[in-house]
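The structure under discussion appears below in the form of structure tokens.
In this document, chain identifiers A, B, C, D, E, F, G and H correspond to the written order of the chains, with residue numbering beginning at 1 in each.
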């Protein structure tokens, strides 16, 4: 329902075209979205320069293409997560400027280059196998206008590379830590910075890593009090929350 | 090692009192804390106006009292979490200004009233039994200088009270949601605001709530992408992270 | 044993062809089904206009075809759940009127179109990936003669579409909610209606969704008191129970 | 906001006391409950003759008393679940007609005796230790105006008592089965009736019964397709859902 | 070490060829198997007319063939469990009398037809998908010389077929119950007989059956006190234990 | 229904007092127990010389006393498991011959001393803390007329005491193994004997023993193929099954 | 059986008092302990200067006292773990030199002060609440003659205290790390030393620490390859293994 | 930073080219690795004659080849674990002396044949399916210069083969036990030796073995006090820790 329709109702109330009882009934049934409620998502998109995220997994290439097309009229960025090359090939035909980040498994249509983050988001990951999840976070961060720094392959049992970057790390406004196995890295990083640390457990590991559950539990129990956790392998979620914090 | 000691080493290098090899050896062995590393915690405390948090559970009243006393020389606030009345009685003898928040089970010595948060932190809790955890978050937020608003007893199956406060909620800079049982509230709140939402699962519930695990899993799987999670019943942690975000 | 056989026994008792002891022995050994016990299933089928359900998974196409054939003499509907296209191809040769619902993975032979439900059953599902389970529920509902309404892709973090349909929802006699991930939708729906709400957790999700366990636990702990739960992905079961309620 | 207030707004629109823009703003901010949304709970209560349920566990006797008092003006029934004798003693002072069902741990103020259920609800329980949960279901059923039959102590390994009551069971409009241990009873009962069967796993048992989880899993996997499940020990929930079905 | 070797040691002791100290040392080092300990397995095989069981899974066809060949000199039966057709093809070349039970996935070389069981072993299974496990039990029982009766596809929610066979069931010396899903059948069967009931949970099921864990827990918690449990899908184990009981 | 009543029905059929239709209806409604079905439990008791077992936990002393009294008219043995001293004091007043086995927590009224077991049942337990469970098994065995041998405190890491009794063990007709912690003892015992081995995991242990789950899983996965498992701490169940095997 | 008895057998063989067959039979039945097998434990004790460990939990004070008394004739040390003050009071009456380590909950009778460890064992613990477990390890180490160093209260989020002691740590021959919560400390320590690191998860923590399971899983998945794990809270076990390594 | 660079800084301090403040700043920022910290890994490699381990799983053949090439300049051994034949083919082109252990799935470039272990490491495995994990341990042990003995296919239910090798076992300096299923072997082995026993649970098994969790739990709860545990299937880790112990 548009504002015009609402003004029309007002006119009908004034003109008596709607009786008191009819008016009451009409008001009572006003669809919620007309009262601003339904537009939260839309407003958020406009305010944040981030239009829509499509979860690619399980969708056909055609389906993804059609959704992307429907978003073109706006001028904001588009992100497809968990995307396949097949989906990308299809999208590219319609939107030649679309790019594919294969490690992150993400399709990006970047039209708005505004820097919106107030500071840098630092992404640290523990092992080479955690990189796809870290890259998903980074693609999300960039498509939302954040300056990003990254440090990969930081083992807790070989901390020097982390300590070497300590000052850059401490300068970040938000830190994302991606780790599988025992998930100990977040506690160490949490102790080095006073920024909020968002941690992402990954499903990488063998034996009793249980598809990321060990890392998840470890992060939830971190002794560092500036640490929060998102779901296993949820690089996108970490990127989203970090962006929101970095813009605030 | 103080800066004075380090300057003394420099003087000995210059005077030749330390040979090259001796100097190399001395430098190689410099304790890490002398290089600024060890002072992270201290610096963080000073910069944030928040000195030290004591986890009260399992400590004797005497032990808590002694730690609190050792912190008095500074001028920052002191927070004892999971505290008992017995611990409070003891602390109060030494520090008459200490206050006890019995619902939150926290002792607070508030000496620094500076408002440090840039906006409001909104704390929502689902049921009356989640209140102790929500109160722990609020005490933490206040002792760290945040303006706080709160809304208690918001059921997902009776959303109107939440929707009624929608505008205040949307104006908050950070939102904390405390919920047990099925932990569905965070997804609803996450959809109403664009601020970061920190969720705290609580161990309240019966049957298959498994001491908070159901709420925890539910929150980790939230379909709202601005949601992160801290440990079960960890109101303090949520308050800490929200404070860090609110100051950034 | 037919009634005729039973009357024959009576005759033999009367005629003395069966002595007292023989009669006692005969009665003692009467197969249970002859006493009405065994016919419960059959009676239920006849009374409800729903003959037989075949669980297709793990059966060969031939096996399914043969079972369907054996059911043709009656005049009721036939439903094969968890069916494959291969099974369908085979059944179609024998029963040309058989239809395949590929999203629901169900073969239906609909011969009885009687409307048996007293009201509408409303099926709500949370995400696009929950649709196969929702469709299985809908196919089941239709084959059992229920008027059905449906609303797909209702996110808890974007409630307006649900609230928009609130009146239709409130008018339903039974509601089925299908959801994966955090399973929060049932609590919200449960709060909007006073009809019984049957919830189906789905195995869709990633990270700590654990193949539907998170949604299952969340639903069992729902704060709405009109909610019950069936097994993970059990769209058929939800459709069955909803049909029974709707006919009562 | 009352209807009177809404009519006042209409008058002001008509009189021009509210400009178009003011009117738009006013309408946009109408609290949701004024549009009928918030009154769902209240309407449900009035329509069903069931006012309010208080979860007694963890509340002080004073708190329970105060809530009960605030409900007295209406004329519907009041139910306090998981209540203590102490809470009852307190409530009784204010409401002498209050009754205590000690096995069910429930306080009942029954003022409305209307029979609302269209048929009988049959409650079956497996062992003597499941009785408190079964009684909670029965108290809930009665306070909501349902005719109730019950059968206690029905072991799966001694089915005759169940089979003996088979006809009464088959005549019920809804069946509730309460069982701990291996939770096998629901499948047997489910096979004997064509009514919906609501099952309640109980936390009774030892060894690998895991506080009701074994019974819960068993019930979820029941081979009978008319079975749904509520949370462990949730006799109240089973009673609620059965009442809703029995009134529909 | 053979008895001959032991007698040789005795001779050397007597002749003084072994000094006291040498003799002590020799005795102290006597390999355990020479003392009868190591031969337990062999003796058991001979006494029971059951030579050796080969667990086929994960072994190459050649490996299985070679093990079977090494067992041919004896005259007892040979059983390969979890066998593949490929393994069977290979074994058949060497041992033309080998038979393959494809449902049970077992290769049998039956050379000893002696009936060793004192009574009948009755095998009951719940669903068609439990049949492979039930067949593994039956093949094991037959190869060990037990008279076997069987009853398949006995649903708890349709007990009449089971009750119909009640007398045969009650006459069995041992009963094996194979069931997946909710695993309720064993309790019902356990209540009908006074023979020991060995139950086998199967990994068949969907949703919250968790690969047999639900059935396993249900069986362990059976209210019938004549029930014991073997591992999930372990038809062979059930057959073995039943054979031992039936011979005792 | 007694045989007399059934003969009366026969007479009425013969005399024509019951018409065909009336007779049919009467036969159809014959209560199941009258057909022998309901008397299974009773017959089992009489045939086995074991009347009734009362699960004492959670029952009042009065309740236990009353049940015991109602069993006195028969002449068989009575066993109360999980009994308290309070229950015993009460029972003793009525039945002076009642004995209390405090380690086993069992009340026994032994009136029938007949030896019914064909051989010896051997009970082995791993640690001193497993003894109460082992004793419950032994009391059960004795009250059912089995000769019993026992061997306590047999550690897997100190096998000599077990091996020392190897011959007695091998002579047993059934073996019960009670073990907590890692539950390794059953595999070792299973390898030493060819009798059926019934294992009871106990809830004794600390750390990752998880209240007996580790022992339970270990026993289910035993590499010895003559091993079956009963529920955690279920000494009574093990004694029951062993008795049934030993009588067969 | 003593060596004397064995020599007696030899004499009888030589003298012909034992025939060949009798000798064979006698040898075959030689109790295992006589062949050296049974004395493993005893020999280990003598060789290692460590006689016997008593697990105190669940034993009466009298029982502990009696066991300690029976060990007095030897001259080695005695250790009672999980001991109570009551047990200590009792033991002290008999053995005045017995000492009680109340934090470690251990009674020690130290009579042999020999240093047997070849190097130092370093015990690191994460939090103050882990100290009882660390102390149990230290008491065990000392009673077995190891030089011990310790470092308590080392948080992963404040590594400087650990790094400060890095050289002492690197000089240790074995390192024990005791940690609860997220169990991240072992990975950091493992990276700093090349000695074997034995880790002990503790049951300390709240929320999703699950009584030590999180720390246990974290340690098992440590990225440091010199880390092994003992059971939750098993300080004694860690001390034992470290002692064995340190003596080798 | 090289020592040369550090000496250059010293020169600049002495010459006054660096002021006091500049020198302080420079020293404060010295990268940690320059202070010896970062070289721990490297030093360990040099001291132990073991350069680097590459975890092959998930890496491309090219990636593995490139890492191996970068390690060639040193003269130590190279180990690729979880390697594929494809990776091996590629490495072999560059390093013809590379060998592939296909059962262990390991590539080895052995250039340093020094024996570094002070004694023998004995590797025991329970079943044929545990051999790959045992072989990974053995390859690791050999590449690190340990004399190795092995004993495969030792069942707990047939202990004689183990007891036969008891003396060799007792002579080992470290023992590794690899076992799946119920994981009982470590307790038996632990009781036979006084050396440290490192146990590796394997993911082999079926039914309730849960991918190694049963064996893992069983080993953690071993009643033998010389037993520690590494992660499921972690043969490499066991080999590493055993090597460290054997060199100390």
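In this section, a contact is a pair of C-beta atoms (placed from the backbone, for glycine too) under 8 Å apart; a residue touches a chain by one contact, two chains touch by 3 or more.
Note that the structure is a prediction, hence the values are computed from the model and not measured.
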Key: Longest centre-to-centre distance from subunit G, chain (CA-based)   = C
Message = Given that subunit B and subunit D are copies and touch, would you call their interface same or different according to whether over half of its residue numbers are shared?
response = different
Query = At what distance in angstrom does the C-alpha mean of subunit D lie from that of subunit A?
reply = 41
Ask   = How many Å are there between the centre of subunit F and the centre of subunit H, using C-alpha atoms for each centre?
value = 51
Euclidean distance of C-alpha centroids - subunit G vs subunit H, Å = 25
Message = Need the CA-centroid distance for the pair subunit D / subunit H, whole Å please.
response = 60
Query = Residues of subunit E that touch two or more other chains: which are they?
reply = 37, 40-41, 158-159, 163, 191, 207-208, 213, 216, 220-221, 231-232
Note = Every touching pair of chains is listed here as A-B, A-C, A-D, A-G, A-H, B-C, B-D, B-G, B-H, C-D, C-E, C-F, D-E, D-F, E-F, E-G, E-H, F-G, F-H, G-H
Key: subunit E to subunit F touching residues, read off their complex   = 37, 40-41, 44, 47-48, 53, 118-119, 163, 166, 173-174, 191-192, 194-196, 198, 216, 220-221, 225-232, 236-237, 240-241, 244-245, 248
Remark   = In the complex, subunit D touches subunit E at residues 126-127, 155-159, 181-185, 187-188, 190-191, 205, 207-210, 213-215, 217-224
Note = In their shared complex, subunit A is touched by residues of subunit H numbered 29, 31-33, 37-38, 40-41, 57-59, 203, 212-213, 216, 231-234
Ask   = Contact residues on subunit D for subunit F in the complex?
value = 128-129, 158-161, 163-164, 167, 206-208
Query = In the complex formed with subunit H, which residues of subunit B make contact?
reply = 3, 6-7, 10, 13-14, 16, 20, 23-24, 27-30, 32, 35-36
